[in-house]
Amino acid sequence: MKRNRKSKQPPSRKVGLPPGSLVHVGEVKIDRPVISLIEYDDLGLVERQFESVDDAYGYKPTHERLWLNVHGLHDAEMMAEVGRRFGLHPLAMEDILNTHQRPKIDDYGDYLFLVLRIFAYDESNHSLQSDQLSMIIGKHFVLTFQERVQGIFQPVRERLRAARSPMRQNGTDYLAYALLDTVVDRYFLSVDRLGDDAENLEDEALNRPSPALLSRINQAKHETLQMRRAVWPLREVVASMQRPENAFFKPETRLYLRDIHDHTLHIIESLDGVRELLGDLLDIYLSSVSNRLNVEVRTLTVLSMLFMPATLIAGVFGMNFHDMPLLAEKDGFWISMLMMAACALFMGGLFWRRQWLKRNAG
Amino acid sequence: MKRNRKSKQPPSRKVGLPPGSLVHVGEVKIDRPVISLIEYDDLGLVERQFESVDDAYGYKPTHERLWLNVHGLHDAEMMAEVGRRFGLHPLAMEDILNTHQRPKIDDYGDYLFLVLRIFAYDESNHSLQSDQLSMIIGKHFVLTFQERVQGIFQPVRERLRAARSPMRQNGTDYLAYALLDTVVDRYFLSVDRLGDDAENLEDEALNRPSPALLSRINQAKHETLQMRRAVWPLREVVASMQRPENAFFKPETRLYLRDIHDHTLHIIESLDGVRELLGDLLDIYLSSVSNRLNVEVRTLTVLSMLFMPATLIAGVFGMNFHDMPLLAEKDGFWISMLMMAACALFMGGLFWRRQWLKRNAG
Amino acid sequence: MKRNRKSKQPPSRKVGLPPGSLVHVGEVKIDRPVISLIEYDDLGLVERQFESVDDAYGYKPTHERLWLNVHGLHDAEMMAEVGRRFGLHPLAMEDILNTHQRPKIDDYGDYLFLVLRIFAYDESNHSLQSDQLSMIIGKHFVLTFQERVQGIFQPVRERLRAARSPMRQNGTDYLAYALLDTVVDRYFLSVDRLGDDAENLEDEALNRPSPALLSRINQAKHETLQMRRAVWPLREVVASMQRPENAFFKPETRLYLRDIHDHTLHIIESLDGVRELLGDLLDIYLSSVSNRLNVEVRTLTVLSMLFMPATLIAGVFGMNFHDMPLLAEKDGFWISMLMMAACALFMGGLFWRRQWLKRNAG
Amino acid sequence: MKRNRKSKQPPSRKVGLPPGSLVHVGEVKIDRPVISLIEYDDLGLVERQFESVDDAYGYKPTHERLWLNVHGLHDAEMMAEVGRRFGLHPLAMEDILNTHQRPKIDDYGDYLFLVLRIFAYDESNHSLQSDQLSMIIGKHFVLTFQERVQGIFQPVRERLRAARSPMRQNGTDYLAYALLDTVVDRYFLSVDRLGDDAENLEDEALNRPSPALLSRINQAKHETLQMRRAVWPLREVVASMQRPENAFFKPETRLYLRDIHDHTLHIIESLDGVRELLGDLLDIYLSSVSNRLNVEVRTLTVLSMLFMPATLIAGVFGMNFHDMPLLAEKDGFWISMLMMAACALFMGGLFWRRQWLKRNAG
Amino acid sequence: MKRNRKSKQPPSRKVGLPPGSLVHVGEVKIDRPVISLIEYDDLGLVERQFESVDDAYGYKPTHERLWLNVHGLHDAEMMAEVGRRFGLHPLAMEDILNTHQRPKIDDYGDYLFLVLRIFAYDESNHSLQSDQLSMIIGKHFVLTFQERVQGIFQPVRERLRAARSPMRQNGTDYLAYALLDTVVDRYFLSVDRLGDDAENLEDEALNRPSPALLSRINQAKHETLQMRRAVWPLREVVASMQRPENAFFKPETRLYLRDIHDHTLHIIESLDGVRELLGDLLDIYLSSVSNRLNVEVRTLTVLSMLFMPATLIAGVFGMNFHDMPLLAEKDGFWISMLMMAACALFMGGLFWRRQWLKRNAG
């Protein structure tokens, strides 16, 4: 009955610590953190990978724009080094490390700090996994921080490698847009899986109600709510990125953000549809259980009906009248047996035709 | 149990492609795309049809205002050509081709881009079909893009052909208004069908509850929600077209838009009425199934009651008292039989009058 | 099961016609249209009636202020003439004739155009009738258009005839206020009837549940919703009339409009109370039906219990022991009969005291 | 089943009368109206009482500030005189006399006009009584109008009589604040009684469900709603009094109004808690009734079970086998009787232990 | 059935008293009030404790910044002295002493006045305790008032003692932030306990429904609502502290407040999740009780079925046919007994396999 309630867990290790301390709060989902870095401009592109702070020692960027992606957040030293290099505020660093953030956008003047959630549907146990994605958008760099390797940004990397792609021509704001677009597009997949789950649950609630179902209904509700909570604030986030006073996005890119905003609304509406479906499931389940019981009682009552005429006939021929038909006949007993069987069959047939022996209602 | 969930399907073929790629996302609903073009001004009107890019080669418009309508969106080359001729932004082109858009209005400076949904009630399977209608409103042209031929704009064409109609005198903003008005007017028909469906479902839920009904109730809910989602953002769309700073609509035409705004509100209210009706249906259905079972158990109990006095009488005359009435009489047996029958008939009559043998409750 | 759904019917005859065409859309509720006209100022008052366009030929007003009321809207020629005389915009004319409008206020510069709904409770079939009232408020004239003669403005007419009434001293804005006040005051009557109906329905749902009740509950819900839809936009309408930039109402009159605004809120709150009451009715009805069935099954079970001891006693005296009491006694049989009756009476009394033979639950 | 629905009654006597006519609309709750007057400033205080217009003839105030309180509103002449003396607008007078007003604040320039509702819990029939309190706040006077004598302002009078109390030092705005504070503080008492009622009803619904309970639940819902409607607009009223542009309240007093605003929010939240509790009561009641029926059917079924083995034993010893045990024994009959009793006792004990003979479920 | 409803209790002792009187309203939760004081700046820190007014006589602060914490509020003299020393407004003092305040922020010009609620989960009776925390934030001092010693600010004290902590470097606004952060972080713990409780209740509702559960469900609902009421206004409070025009918080500190704002939203969302879970519990409980009854009736019906074939067989062999099988056989009686047992076993086995003898449904 215990449910996966990661999102509810408080940043408990932090209580009592001074704010801004660099402690990773959350599950460790990867063994060794990996930093992958792409430098690029319209002229060229360089890719590098670091696995520790030492790797990056003495490294100097050679192109105008830079995208640094971190997989795994629990190497405090490495994270501190990244924060130092890019001049990130302690609060931003703390939020990156604490993976229980609500999606939000914070403007730190020199850069925008974005928190999003990525969802992946785990086929093995039909549940939704949620990771935090933090993004720092500066004038010349984009930093992304993920809890583990999921490969969702692979297509963006491919497009970046293509020499003449618009992504190379445009600034880091376009790169940030492309990353955000990829994340939001993936939400559609998760919403679809939630929708399929809800329909399967409805099927089962109607046809095979079992107590275990109830906790699965609750889990589905919980996941839908969890996803809604992750997408709902995104509306605001994207809207604030679109505003003209936001200096990080060029007017051309803002046009593209409008598209993401539409998708966000679309996802929220679909989630609300799933929630409505799930909302009815409890009633359907409860009434389905109750109906099955009633159907069983009906079947039992029908069965007991079949004995009634036979019992009456036996009683009749057990009466002590001096003058009774059949009693003296040779096959009297068997005739009475036949009468009993005939009555039972007749009634059984009657009930069969009225479908009162079926195993489901209605 | 699988429901038509087109609207939930994500623009899945797009994931990973660079934004702005011209790929048709959605069902192909027509064999060959057709472009029909009407040029007009107060002096005259010319109509033409193109079935391929070649047809239109070297074509030059001769009148001031132009309405181009495309049926079928999957001919990428043709679509690209249209986009090039009218200088449409890649994002607009992408949205036209991806038929899973939410209704919206985007101002691209030189033209307005509108996305709407058209609804058609399919009589054969009592379900609502939804197509996307994209509209580009420029100073001198209106472009409309539909997924298939439905003939909904036929009356507008007729009015345009009438030499002295206000449509010929007025600009493309009036044409756009007329097209929008036609679309919104058709919503009323769909809302009505949904309302009729809801009432039929209520009838069936009360009188002929069956598990199949449940999925039909869900489908009706889904369709109502889907339609509401299509009409709800239209409010905003029309409101933004009415604003004085919107340069595409003349003040005279804005007066007419007010009318469309009222109709939109009217439709939303009607849809909410239908939804309220549907919301109760689940309870009615579930309780109707349960009542039918209870009525059947009542009937069975009544039937079993009829045997009780007869069985008692048989028991009584089976007692072994030395001195008992009737036993020695010649017709004693038949008299006891008559007593049994009389008791059963009497009780049956009693229950009949109390209406406990009826097949429905209450 | 078919319900009166007038309000949902679309302006269907209009589909395809150019906007602004003068076609009456809606039920014809009166035989012959009548125009009654009152001219007045502080000095005098003249009343006239026209039944056709010809009657009014060459007519010239002689007083400063004018109130023209039209009963019946289907005489297209007469309506067109009225529109022409007062310079009404085609869209306003169209809205007057199409009696399925949502309440609204449109400012046409020279005059305000108001649409309201009038409600009348039809005692014969306990249903709410709804008519459209259109009002044109100009600087020197007020025009009102009703679907039929209802006499609701009779008190206003009386007050107007009184030479020294404030209505004569004040401008047409005060007249418009008085008419509006009369309409809103009548809403209270309808709300009260709806409230009474809801309470009667609750009574019946508890004590005499029948399938017919369900459709009456639905009708009551529908009517309450319909009335709420008519009053809800009125809030906005009256609020916009109160605004200082509204040039049609003098500051003194605006003070009075505040009162109407309060009444509107009051009515909405009362309607929401009725809706809450109705919202529970479905549950009460469904559970009432179910309880009646259960009570009947309880009664049947009690009855069947009465036979049990008798049947057992009969069985006991039917045993074949060689040595049994009573069997040989002369009145043994009758003593056994008495035992049976005594047992049945004892149990019956027991159940009676526990109130298990009552016809209702609890 | 008829409920106290005073608040829904329309100002029905007014329909048709010109607005602003001085007619008392509402119940007459007191025999003779009484006017009590307190004149005061920091130097002294004079109290007087008038029972008719004549009493006040020639009366001239001698202190700077004045509080006039009227109990009973049906003496039209007296009310008119009060209105004349203080220059009250006819609309304000009309609202004072019509005791079905919604709480509101109207700014008439020279004075503020406030309408509130006072609630009193009537212990005798566990119902909430609601009276209207109208307040006129001028620069130098405060007028209060109540439907009957309730003594709620007694503490304010006491404080006013104390020579050095802040109330004497401060202006009429502070007096108005003190009166308002007293009214709002009393709301807490009523909310508490409603909360206690709701909990008692829940107790009864669980343990002693009876049809009468349903109407009491409805009454409690209605009263909670009625109170919420009276407190909800108060939020707005107090907020508008706090605004800097409101010239009637000095900045020092505005600080105190903030407190009343907080209390108002507190009361609304408590009321919403009560409403939530009441909202579940219908479900609890309905299911409690249904469970009691089911428990009774269970008891009956258990009872009928007790007869089954005895009936079988009687049948067995009634069989006609030539060779059967016990039949020939002297105490055979009594042994069979013992067997029957033993079986019944054994089964009864079994059911007793499983608690299937208890009178409540669970 | 009586629930802990402290929060609903009105400031009843205050009714009738002049506003601003220093009377402690609420439970006394501690024996002797204790004042602990920390003076600090970047150079040093001094801690002192006072247990009465006399202790503090002649005390003069020696450092720039000061944090004074009061545990226990019922020593009127001590409180008055504190108020006098720091120049607190009578209204603020009154609100500190009345521990039934709604969370709020009041700007008194020289200082901010904050009211919060602290929650502690009492393990002994699974209920949530709520205390009031009042905070005065001045330019050079922070005052905190608690109802009892809970030690929640211990970590803040520790950090303050550390000579080089940012808390010593920063002003009182940072201290206020740290205190607020501590309070909000603790909310997460309470929310988690409420969530666990809700899941346990669901378990019990499904498996061990008992009437006592219902009141526990209500208590849990009440506590969740109570906590939501305490956190909801905090949103506004923190938002208003973040505004640039708020002079008490430096821009650097405002950045940190953004974090608290996010946490507040997070808590509200979690609470809403818990409420949704609790909202379904009533339905689950009610239907669980009903199902258990139905399962018991099913079991009884199954048991009664087992007797039916035996009773029929006994009846058959009790018939008086002259020529019947088995009757004359030596072991006839025992064969018939075997037949009865066989039938009962066969039917019992059948029902067992269909799981109709299980003690739970489905």
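Just so it is clear, A, B, C, D and E label the chains in written order, and each chain counts residues from 1 on its own.
The rule is short, and it goes like this: a residue touches a chain if its C-beta (ideal position, glycine included) is under 8 Å from a C-beta of that chain, and two chains touch if they have at least 3 such contacts.
It should be emphasised that the depicted structure is a prediction, and the values quoted were computed from it without experimental measurement.
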{"item": "Mutual neighbours - chains that touch chain B and chain C alike", "value": "none"}
{"item": "Contact distance in steps, from chain A to chain D", "value": "2"}
{"item": "Centre distance in Å when chain C and chain E are each reduced to the mean of their C-alpha atoms", "value": "45"}
{"item": "Gap in Å, rounded to a whole number, between the CA centres of chain E and chain A", "value": "28"}
{"item": "For chain C, residues contacting two or more additional chains", "value": "283, 287, 290, 294, 297, 301, 304, 311, 315, 318-320, 324"}
{"item": "Overall pattern in which the protein chains touch one another (line/ring/star/complete/other)", "value": "ring"}
{"item": "Chain B to chain C touching residues, read off their complex", "value": "155, 159, 165-167, 177-178, 181-182, 185-186, 188-189, 191-192, 195, 199, 202-203, 206, 255-256, 258-259, 262, 265-266, 269-270, 273, 276-277, 280, 283-284, 287, 290-291, 294-295, 297-298, 301-302, 304-305, 308-309, 311-312, 315-316, 318-325, 354, 356, 360-362"}
{"item": "Residues of chain C that touch chain B when the two form their complex", "value": "1-3, 5, 7-12, 14-20, 89, 91, 95, 100-102, 104, 106, 209-211, 214, 218, 221-222, 225, 229, 233, 282-283, 286-287, 289-290, 292-294, 296-297, 300-301, 303-304, 307, 310-311, 314-315, 317-320, 324, 326-333, 336-337, 340"}
